[in-house]
C-alpha cells in the first residue's frame, strides 16, 4: 500500500533556535549581544578601576589607552562605569519587561479567549494604559512608588503591559477561531489547558519578538527617566544616571555623554537585530520571499 | 506568419526560493490556434499556474525562465526589457484570475478600472465603451456596476467584469486561471456558458487552466494534462476522453466517470503527487503507475508525437 | 448623517476614556505619599494653618467628592493651584502657556518623521532587496536604536557647537515668531523625528511589501499598467490605511519622547512643566499635565480613526 | 417501531449578530441575520446524511450547531435522545466524546506545534490512559486510516494533503465517536488523492458503523457517500430525500437548478440576487421558474411527499 510509503522528515528546524541557525540578521544581533555581555562581564570582574573610585588627579580626561572611554568630572573611569551601568540598566529593563510581559500576556490571552464582558473590560483598561504617553505614565508611577531602580522596572513593566496585552489578545482571538482549537475543544480539553497547550506555543514567537524589541525600549526608558532625574538615583551607576551626569559638562567633556549613549545604542541595536531576525523568520507572511 | 495565437517551445522555469532550486515547469511545448480553447489541467503544484504567469512574464522574482520560442500572435514574449514586456501585457496576453474579488483595486470603483484600461487603449470617450463591454458579458445594469466598489459586487459579477476588461484590449491569448473554481455551482455554469459564447465571438485564443476534468471537457477544444511540471499528454478533448493514453490521464478520467456514474467504489490512484523539490531521474508518475516499465525510472521520458497532433509523454506509446 | 452619528458615538467613547483616565490619575496622585498641606506650607506650619489649608482645599472630604470637585473645576478650566511656584500660579495657566510649544514641537517632529519615512519606506519597498532597500533598512534599525534625548545632544554637538547653524538651547515661541520657532525647534523636533522615522518607515515598508503581494497588484501588472502607476494607485493607496493606523499607535511614544527632549533643549513645554512638577511633588501640576497628555493622545486616535474611515471606501460609500 | 434517531434537529434557527466596526458597520446590513432558519433534520444510527448547498447557504453553520459549537437561537437539538440545545461547555465535553468533526482544511485543524502522535494521544491522556496503551492505540488508529507508524513522529507541515486528512480522520476516531460531521472534507484535496479519501470514508463508515453528516457542495460526492441528502438554500432546508431518489426525481425547483449544473445542457437558472430573509414568502421565489401567487405570502411548510422525502415548496415539480 503506497499510502503507507515513508514520509520524509522536514530538514528545517523550527522555533527560535532553528531561526538562529539560519537567519543572518538574528545571528548578527545575537553576536553583538553575546560579545557585549561578555565584555561587560569582563570589565565588571577584571577592570582595574572601581566604578566609584574617584581620582581627582585625572578629571575629565579624554579617551586614552588607560581610560578607553575617558574619565568623568570625578575622575572615574567611564568605561568601567558604563559596564556597571549597563548591568543595572539591563537588569531594570529585563525585570520590567518580564513583569509587563507576564501581566500583559495573561490579561490579553484571557480577554481574547473568554470574549464577552471580560474582554470588553480588559480591552478598555488596556486601551486606557496605551493612551498615556510612555514617560507620563512612568512619571506618575515614579511619584507614587518613589525613585529608584525597582520603581523604574515597575514603570517599564506598566508601560509595556498594554503592548503585550494587545498582541496576546488579538492572536489568542485569532487562534481561538482556528480549527485546531475547535478540534481540541471537541476532544474535551478545558480552557486553561487549551490556552497553555494549544494556543501559547503558537503565539509565543511574536511575544518573544515583542519582548526583545521591548528590552531595547526599556533601556531607553530607564535612561530617559534617570536622565531627567526621576529614575535610578546616583550613586547607582545606571546608563541614564551617567548620561544625566555627562550632560552637565557636555561642552568640556563630550565623550562621557557621547560614548555612554553610543554604548546604549549599540546594545539596543543588538536587541533590535535579534528581534528583527526572529520576526522575519517566524512571520509566515514574510517567510519564503 | 504562423497563424498561431500562441506558440511555446521548450519552456523551462526554475524558481529559487531560499536557495532551493525548484524546476517547476519542464520542457513545455504548447500551441494555440486563433479562436481555440486549450484546457491546461493539473493538480496543485503541477506547474499550471506558473505556466500561465510565464506567458505574461510575471514569473516570481529571481526565477529563471528559458525557452526556444515563446510568441503570442506577433509578439515575442522572450523579451528581457521590462518596458517592452509591459507593453505586451494585456495586449498580447491577458489574464483572468481565480479570485475575482482580489483582482480589483479595493480603493477604486469599477468605473475607474474601466477608464484605466480603455484610456490606455486610446479611447478617450471611455464611458459608453465601458457600458458596451459590460453588456457584452451579460451585465444588465451597467451603470450600477460601474458606480460600485469591488466589495459591493458578487463574485460572479466581478468575474464577468474582469473578463470584459481583459477582452477590451483585444489580446491574442487570454490565460484564465481557474476562473470558476471560487464560484458556486450555478454561477460557475453561467460563467462557463459565457466563455463558450465568447470563444465564438472573440478573436482571442483561451488557455483555460483548471483542475476539474468535467469543466475542461465542457469547454475546451483540446486539453493538455500537466503532472509535476510536465505536460504528460495533449490532444483534442474527444481523443482524451475516448482513449486516454497516459496512465495518469486515464486515472483522472476514470475517477471523474466513476463519481458521475453510480459506482460503489472509486478507482484509486495510489500515493500522492511528488513534491516538485524532489530530484527525479525518469517519469515523474512512475511511482504511482500500475503499468510501469523497466525504463520508466532510468531516463527522462520524451514527448512522443502521435497522429492527429496528439502527443504523450509515456514509454508505453513509444 | 451616518458620519455624524458615528462621530458622536466615537466622541462619546473618547470622553468616557478621558473620564476614566482622569479618575485613574486622580487616584494615583492621591495615593502619592506625603501630605499636600505639609508640602505646601512647609514643615513649620502650625496645626491650625494645616487644618485651614485642608479645609480650604477639601482635603478631608471623601475621595469621590474630591474627584467630583476636581472634575467640576477641570470642566471650567480650573485645574487647581501650583504649590511649588511662588505666587500661587494656577495649574491651568501653566499648562496653557506651555501646551502650544509642546504641540508645535510634536507636530513638527511628526511632519519630519512622515516626510522621512514616506520617502525612505517607499524607496525601500519599491527597490526591495536592492542596495537602496538595504541602506534604508539598516539606517532605520540604527536610528530606532538611539535614545532620542541622546541624539539631541549629538545633534547639538554637530549643528550648534561645530557648525553653529541652530541654537543649542532655548526655544522661540511660535506665537512670537513662527520662523524663529521653526528654526529653534528644528533640532528638538529632529531628535524626536529620527527614531520615529525609523519606526514609521519600517512599518510603511512592511505594509507596502505586503500590498505588493496582493492579487490586485498582479492583476494591474497583467493589464500592462506602468510601474509608477501601479505603485501609487494600487500599492501606496491601499497601504495608507494600515500606515495611518500604525502611526496613530505611536502617539504615546512620540509624546513620551517630547517630555524628555524638551528638557534637553530647554523648550518651555508641558513636558518640562510636568517634570518640574514631579520634582517639586506638585500634585496638582502633575495631575493636570497627565490629563492633558491623555487628552492629546485620545484626540490623535480619534483623528486617525476618522482619517481611516475617510480612506476606506467600504466605510465612506 | 423505528429506532429513535441518533441526532434530532428540530426547527433550529441560528441568528448571527453582525459585528459593528468602524464607520461602515453602523447602518449597513441588518444587525442580525439568520444563518440557519427553521432547519429540521435527523440522522439515524449508521446513516450517512449529506448536506448540500452553495457557499453561504448555512450548511457549515448547521453542522457546527449540531455539534453545539454554535448555540441555536431557536429550536432544539437532541443527541441520543438527550436535549443538548443549551448545554454549557463543561457539560458538552461529555457529549463531545461521542461526536467528532473533520474539517475542510486538515492542516488548519492540526496544531502546528504538536506531532501527529501527540495530537492523537491528547484525548487519551485526558482520560488517564497509561502511556504504553496510548502508543498502541495511536498506532492502531494510524493503521486504520492507512498511515505508516512513523507518521506519529511527524509534524503537520511534513505531511501531504491526503496524509493530513487521514491523520485528521484518525484523530476524530480516537474517542470512538458514534457521529461525525465532515465539513467539505475532500474539497481541498487533489483529484488523484480525493478518491482515496472518499473510499476511506466509506470503508470506515462501514467498518465502524459510524453515523455521518457529510457537508459538501459537490453533488457527485454526496451521491457517492450518502444514504440521504438534504438541500439547503439561504439558511433553509428545502428538500430532504434518499440520495438515489433525490438525484432521480428532484422536486424542489432549487434542487433541480442545482442538479442541472451537473450536465452541461442544463436549464438556465436565474441570477442569484440578494434575499430579504425577514420578508414573508418563499426564500427562493426571486429565482424560481415555478413561482405562483402563494409563494409571495409565506414560506412553504415542510411536508412529507413520500416516505422519507421532505419538501418545502408550494408548487413542486
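Each chain carries a letter (A, B, C and D) given by its place in the written order, and its residues are counted from 1.
FYI, a residue touches a chain if its C-beta (ideal position, glycine included) is under 8 Å from a C-beta of that chain, and two chains touch if they have at least 3 such contacts.
Everything numeric here is computed off the predicted structure, so don't read it as measured data.
*Asks:* Treat touching chains as neighbours: how many steps, at the fewest, connect chain B to chain C?
*Replies:* 1
*Asks:* If you count the contact pairs for each chain pair, which pair has the most?
*Replies:* Chains joined by the most C-beta contact pairs: A-C.
*Asks:* Need the CA-centroid distance for the pair chain C / chain D, whole Å please.
*Replies:* From the centre of chain C to the centre of chain D is 52 Å.
*Asks:* Please tell me the distance, in whole Å, between the geometric centres of chain A and chain D computed from their C-alpha atoms.
*Replies:* 48
*Asks:* How far is the middle of chain A from the middle of chain C, if each middle is the mean of its Cα atoms, in Å?
*Replies:* Here the centre of chain C sits 22 Å away from the centre of chain A.
*Asks:* Which chain A residues sit where two or more other chains touch them?
*Replies:* In chain A, the residues touching two or more other chains are 1, 3, 5.
*Asks:* Where does chain B touch two or more other chains at once, residue-wise?
*Replies:* Where chain B meets two or more other chains at a single residue, that happens at 270, 288.
*Asks:* Two or more other chains in contact with one residue: find those residues in chain C.
*Replies:* As it turns out, chain C has residues touching two or more other chains at 312, 314, 317.
*Asks:* Would you mind writing out the residues of chain B in touch with chain D in their complex?
*Replies:* Chain B reaches chain D through residues 43-44, 154, 156, 184-190, 211-213, 218, 248, 251-252, 255-256, 258-260, 262-263, 265-270, 272-273, 275, 288.
*Asks:* Name, in rising order, each residue of chain C that touches chain B in their complex.
*Replies:* Residues in contact with chain B: 129, 214-216, 218-227, 233-234, 237-238, 311-314, 317.
*Asks:* Touching residues of chain A toward chain D in the complex: what are they?
*Replies:* Those residues of chain A that touch chain D are 1, 3-10, 178-180, 182-191, 197-198, 201-202.
*Asks:* Under the touch definition given earlier, write down the residues of chain D that touch chain A in their complex.
*Replies:* So the residues of chain D in touch with chain A come to 67, 69, 89, 93, 96-97, 99-101, 103, 105, 108-113, 122-123, 126-127, 146-148, 150-151, 154-155, 157-159, 162-163, 166, 168, 171, 174-175, 196.
*Asks:* So in the complex, the part of chain A that touches chain C is made up of which residues?
*Replies:* 124, 127-128, 130-136, 139-144, 146, 216, 220, 223-224, 227-230, 243, 247, 250-251, 254, 257-258, 261, 264-266, 268-269, 271-273, 276, 285-286
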